[in-house]
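See the structures that follow.
Here subunit A shows up in two complexes: once beside subunit B, once beside subunit C.
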Partner chain A sequence: MVLARKETVLAGARGRPSRRPRSGSRIVGSRRSTLVLTVLPAVLLMVLFVALPALEGIRISFSDWSGFGSVDFIGLQNYIDAIEDSPFLGSLVTTAIYSSLSMAGIVVIATLLAAAVSGRVRGSAFYRVVWFLPGIAPVTAAGVFWAIAFQPKTGIVNVLLGAIGLGNAHAWLASPTLSIYPTIFVTVWANVGFAFLLVLGAMEQIPTSVYEAARIDGSSTLRTFFSLTLPLIRPVLAITAVLELIFQFNGFTIIWSMTQGGPGYATSTLPVLIYTQAFQLTHFGVGGAMAVMGGALLIVVGLFSIRLSRSKQED
Partner chain B sequence: MVRRYLGLTVGQVLLIGWTALTLLPFLLILAFSFRTNADLYAHPLGVGGSYHPENYLTAWQGPGDGAGMVTFFTNTVIAAVLALVVTLTLGSMAAFFATKLSPRLRSAFLGVFLVGQVVPFVLIIVPYFQVANELSLLNQPAVLGVVYGVLAMPTTVLVLNSYYADFPYELIEAATVDGLGEFAAYLRVVLPLSKGALTAVGMLMLVYVWGEAQLGIVMLQTPQSQTVSIGMLGFQGQFVSDLGPLFAGLSLATIPVIILYLVFNRFVTKGIALGGVFR
Partner chain C sequence: MPSPIVRRRTLRWIALAGALAAGSLSLVACSGGSGSSGDSKTLVVQIQTGQEPEVNGFITVFKKQNPGVTVKTTSVSQTAKGGTNLQVITSSNAPDVAIVPTNSEAYTKAVDGKQLLPLTDVYRASDLQKRYGDALANSLKTDGVPYVVSFDSTLYSIVYYNTGLFAKLGITPPANHRFASLAELKTDVDALKAAGHQGLSIGPADKFQASWMIDAFLQSTATPSEYQNYLSSWQKDTKVTAKFTDPAFTKAVGMIQTMGKEGIFQNGFLGMNVAQSEATFIQQQSGMLLDGSFSPAVLQKDGIGFDYDWALLPPVTPGTQMKVSTYNGNAYAIPAKAKNPSLAKKFLESMMSVDGQATTVSNGGIPAVNDVPQSAYASLLPQVRSELDDIAANGSAPGWTSVVPGGIGQQLVDPLVQEMLNGNGSPESIGRAAQDALEKFRSSGD
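Presenting the complex of A and B:
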């Protein structure tokens, strides 16, 4: 009934006679002017604030703009500069490591936690609320806290490790090889809550009768989890993984507040490097070229992983 | 049986361990906010020695010539109000009336916002700076608030549009029969009935504005204009040798949004269940 009426509305809005009989009500067809006045502003804002800036971003990437004055076209020079003599390629590797490890950590921990809570352990309402706190707190505040916590000797992480005999002088954030791992840790810490809610939502869709059948068949908890729960939630798991990969590929704030991309360029993922290039070195063109290439890569990776997760579901 | 018991124990350890990991940083921020550097080094767990509530006063007023929490809060409120107004008024209106478009137009409409959601953020930051700089709109939290409102539009529109797709149309029908125009019916019938969904979207919006830094750091360069999350980055440098007030700042930056979440967590969860994200 409601559906039929909606289709009448839709047909009416298109100015065509409806194939279905009108239900006798006078509501239906919104006037064209109302639709234009209500729908168009939001669309125009998207054009003005997203589409045009994106095009302008591409234009700047072909220019030698230095923060003021005219935007002069210099062809592909910024792209050549970005690829040839800059930390760009290294940053791509850093970004890949950072985003894929963060994504893996987030999805694995979120899944384990969701499995525990959907098993109706005691206090699950409490857990749900508490686990989301790191995702609610302002990211910079969390980043600043953890940056201090990871300091050698005085930082709380080192103090605790020292107390259990694992040494208290780890200077992770100052190490070119290790500094990426604390940022990954904090990224996982801050983002598990969100992924947990998505995965839990999927697990709660599974009818309890499925579990009862498994229990009657004598399936162990672990076995039920791996051969029943996981396959059933795989679509949501795949979407969560793709989402988190894209989020962390774009991630800026945690790294910026913990290491500012350093030491050197050790933790400069793409968004951090672009910020440094554009706003600290005022190489807006080179930064823009990196943004265009990184953006294109992100779209390719995103589409590819959506494809991949879809084809896996069809197995 | 043994294996089952073992599994349960591993599960319990995981639950308790993760809960500790999510709670401890906040408790530590609170504990450290009353300390001096000397106390922090002598009693790294935050207990023992002397306590200094005046750290909060320092954080509230800011270091020497810099801006303090009072300024950051004011700026955040300005940005948040504008962001909420922009995204909720224009977003919900468009989302509702888009359900009345023809199928082709409607999917084109949704397409605009889907594409808007995947445009790489790094690509549009430099142009924002360029235009804001040219029009002298840098360092104005109100301007940033409007931009936040528009950037949140895809989430708002997509969430609300799927919500309105299942809206009971009989109610609007009844209202129009009663002589209300369709826009008046939207204002007086639809909006009050979608309070829950609007609150959910609004909560996501507040958390987003409260924590956003990637655009804020570019658009708000003077300390006097910064929001809470950008202000924390300034505090990090200014209080590098006086950690007590820094932690007091972190605590003030975190407590309001956590209280808001504890009161409205139902709506945050609902917003996420409806497909909302924080960015």
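Presenting the complex of A and C:
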């Protein structure tokens, strides 16, 4: 627009006929159409694969639908059923525990591992690969492996504990209060590699001169880590934490392959409960209502977390 | 910067390419993916994972009777068959012959939505009313119309016990393949535990074995008329005379709670699935295993190295004669959108012929019909033959969770039983949940 105006002025000053301004507006128009053409596919894909399914999901949550045939509007009944359905509220608590502890475990361990590699511990090039390996393993296979590993007496975890005198008959997966923790352990194990790479990338962006200055000032390794490294990578840590919270809130595969949400409903996180409602009991409406409420909650938590991390950065 | 003419041409080409791509996508979508769009010589049959030998046996017999017909198979998992498979069988890519377990929501919803073809003519052509027997034939119908064909029988809630271990520890085996009482079972478990073994292995993590036991115990807590009503009250034309809140039901559930409290099951049982439970038995960590008629073949394949026999769970009220629980929910149906319904009906008729059913036996299964010659049963493992002999002498009982829709039975109740064994909930709360589900089910669609 500015360019077009400038050219009009120039053309007028030189007393030429007004051909150039039209050419200028063509250039601007061409840029606009290029912009529209390049953005359009992404917008179309977003509408097609995100907005429309989300709207359809919301519509189903207000309907009675068993997976085929007509979708009959029934108002808020599914939401009432979901809230009155005792596994739903319990499941929200389970999901909160599972996702927050998994997120905390992943971020803390990823940060420590990244600090070790960034600090060039012996064999750091080797660890850089090794710590990422669990992230490559097929999640279902890993879940089945760990479900067997946690069995009393025969599972490798119990065998190792037995070997060091801590008993070999721990039945964590059978306990209503403890069964969530092995799933959190496996979730951390499987996901720490990705977070590790993100945090390591951030740490390696810190100029070495900063560390050298700290060393000259006599700062200890621990002090340098807490007073320099952590504050400088806080934006990446915050986004990693939010991402992991969202990933684990929506996590399904590890829990399903390890416990199928059991014993009873002890490890039934929201995705597991929604899957059961929709695809096993064919109550797509109730499952949809649970998904909408869970999604809304996640958006609120995500926005709050991002806002919190931004305000801390501004401080 | 390209000239306007070049730009216009480029845009035209892009538009043309877009239109072609969209057209191709539409054609692909309309053509379907099965490759059998109405080809009367190609039949698409679903196979549940793990049932390949049995169904391949049916296919072999069918191909012999119908040379020139190609049979394509598609796999369905144990988990998907009662749930997500509903979307497959109601889609435009529906197979010709679909797996529809009768005790699943998939069956109930598909019948309600008129998504399955009535199989009255198949029943007539194969004389299934007579060959199944009235009890089974009627249990496979909804409002008097058959929509599924049960292709085999499964016997379950059976306790297998290690005979060598019992003898070594001086434990008296259950007389006549029956534990007389919970006290007898408890005595045996205590003896096993005293020798460093576990008691009865179960695998509830797969979400069916915990509720299986209700089927067995209900035989001894309900009168015959109550039992029959529990099996059929989900059908809207049947009057509800026995409620799930009645003692007949809650006592049966209460027996499972008592067994849990008495330490009958193995350590950590709620975290184990069926395969892990079987492994515990094979490794002789436990002396007993709760499983079904399919287990001897599995145990043999897994290299079991000792002799074992079988018995039925004890009655709630001592003195009641227990019967083997049966499941006939392994069933095939023809989706309303099947492309070759007449060929599919021929397949079902072939499967239910004596030759077809005899192949079930050769693959370790039990036929659903009663006219397969006794000589065909010779290939079964001795434990299964013994179970069949027992049924011939004492009869059998269709299990409650095998018959009622999953939303009232197994899929609803199994997690609740597990919760109860964890100390959350009671037989009464489970009874109330089942009764609520029943009333909701009966009032739906009114």
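We adopt the following convention: the second predicted complex is superposed on the first by the 269 of 315 C-alpha atoms of A that agree within 3 Å, B and C clash if a C-alpha of one lies under 4 Å from a C-alpha of the other, contacts with A are read in each partner's own complex, and residues count from 1 in each chain.
Throughout what follows, a residue touches a chain if its C-beta (ideal position, glycine included) is under 8 Å from a C-beta of that chain, and two chains touch if they have at least 3 such contacts.
No experiment lies behind these values; they were computed from the predicted model shown.
Asks: Quick one: classify A:69 as touching subunit B (first), subunit C (second), both or neither.
Replies: A:69 sits against subunit C, while subunit B stays out of touch.
Asks: Quick one: name whichever of subunit B and subunit C touches more residues of subunit A.
Replies: B
Asks: Quick one: classify A:138 as touching subunit B (first), subunit C (second), both or neither.
Replies: The first partner, subunit B, only.
Asks: Of the two partner chains, subunit B (first) and subunit C (second), which one does A:253 touch, if any: first, second, both, or neither?
Replies: After superposition on chain A, A:253 lies in contact with subunit B alone.
Asks: Considering only the touch criterion stated at the top, classify A:148 as touching first (subunit B), second (subunit C), both, or neither.
Replies: both
Asks: Mind working out whether A:302 is in touch with subunit B, subunit C, both or neither, as first, second, both or neither?
Replies: In the superposition, A:302 contacts subunit B only.
Asks: I'd like to know which partner A:279 touches here: subunit B for first, subunit C for second, both or neither.
Replies: In the superposed model, A:279 contacts both subunit B and subunit C.
Asks: For A:264, using the defined touch cut-off, is the partner it touches subunit B, subunit C, both, or neither? Pick first, second, both or neither.
Replies: second
Asks: Can you give me the overlap between the subunit B contact set and the subunit C contact set on subunit A?
Replies: 26-27, 30, 67-68, 147-148, 154, 279
Asks: Please name which positions on subunit A make contact with subunit B in the complex.
Replies: For subunit A paired with subunit B, touching residues are 2, 5-6, 9-11, 13-14, 25-27, 30-31, 34-35, 38-43, 45-54, 56-58, 60, 65, 67-68, 109, 112-113, 115-117, 119, 121, 127-142, 144-149, 154, 156, 159, 189, 192-194, 197-198, 201, 220-222, 243, 246-247, 250, 252-253, 256-257, 270-271, 274-275, 278-279, 284, 287-288, 290-292, 294-295, 298-299, 302.
Asks: Write out the stretch or stretches of subunit A touching subunit C in their complex.
Replies: 26-27, 30, 66-69, 87, 147-148, 150-154, 169, 171-176, 179, 259-266, 268, 279-282
Asks: Enumerate the contact residues on subunit B facing subunit A in the complex.
Replies: Contacts found on subunit B: 3-4, 7-8, 11-12, 14-15, 18-19, 21-23, 25-26, 28-29, 40-41, 44-45, 90-91, 93-103, 105-106, 109, 112-113, 116, 118-131, 133, 147, 150-151, 153-154, 157, 168-170, 172-173, 176-177, 182-183, 186, 207, 210-211, 213-214, 217-218, 228-230, 232-233, 235-236, 243, 246-247, 250, 253-254, 257-258, 261-262, 265, 268-269, 272-273, 277-279.
Asks: Would you pull the subunit C residues touching subunit A in the complex into a rising list?
Replies: Listed in rising order, the residues of subunit C that touch subunit A are 1, 4, 7, 79, 82-84, 86-87, 90-91, 105-106, 109, 112-113, 115, 204-207, 267-272, 276, 279-280, 283, 285, 406-407, 411-412, 415-416, 418-424.
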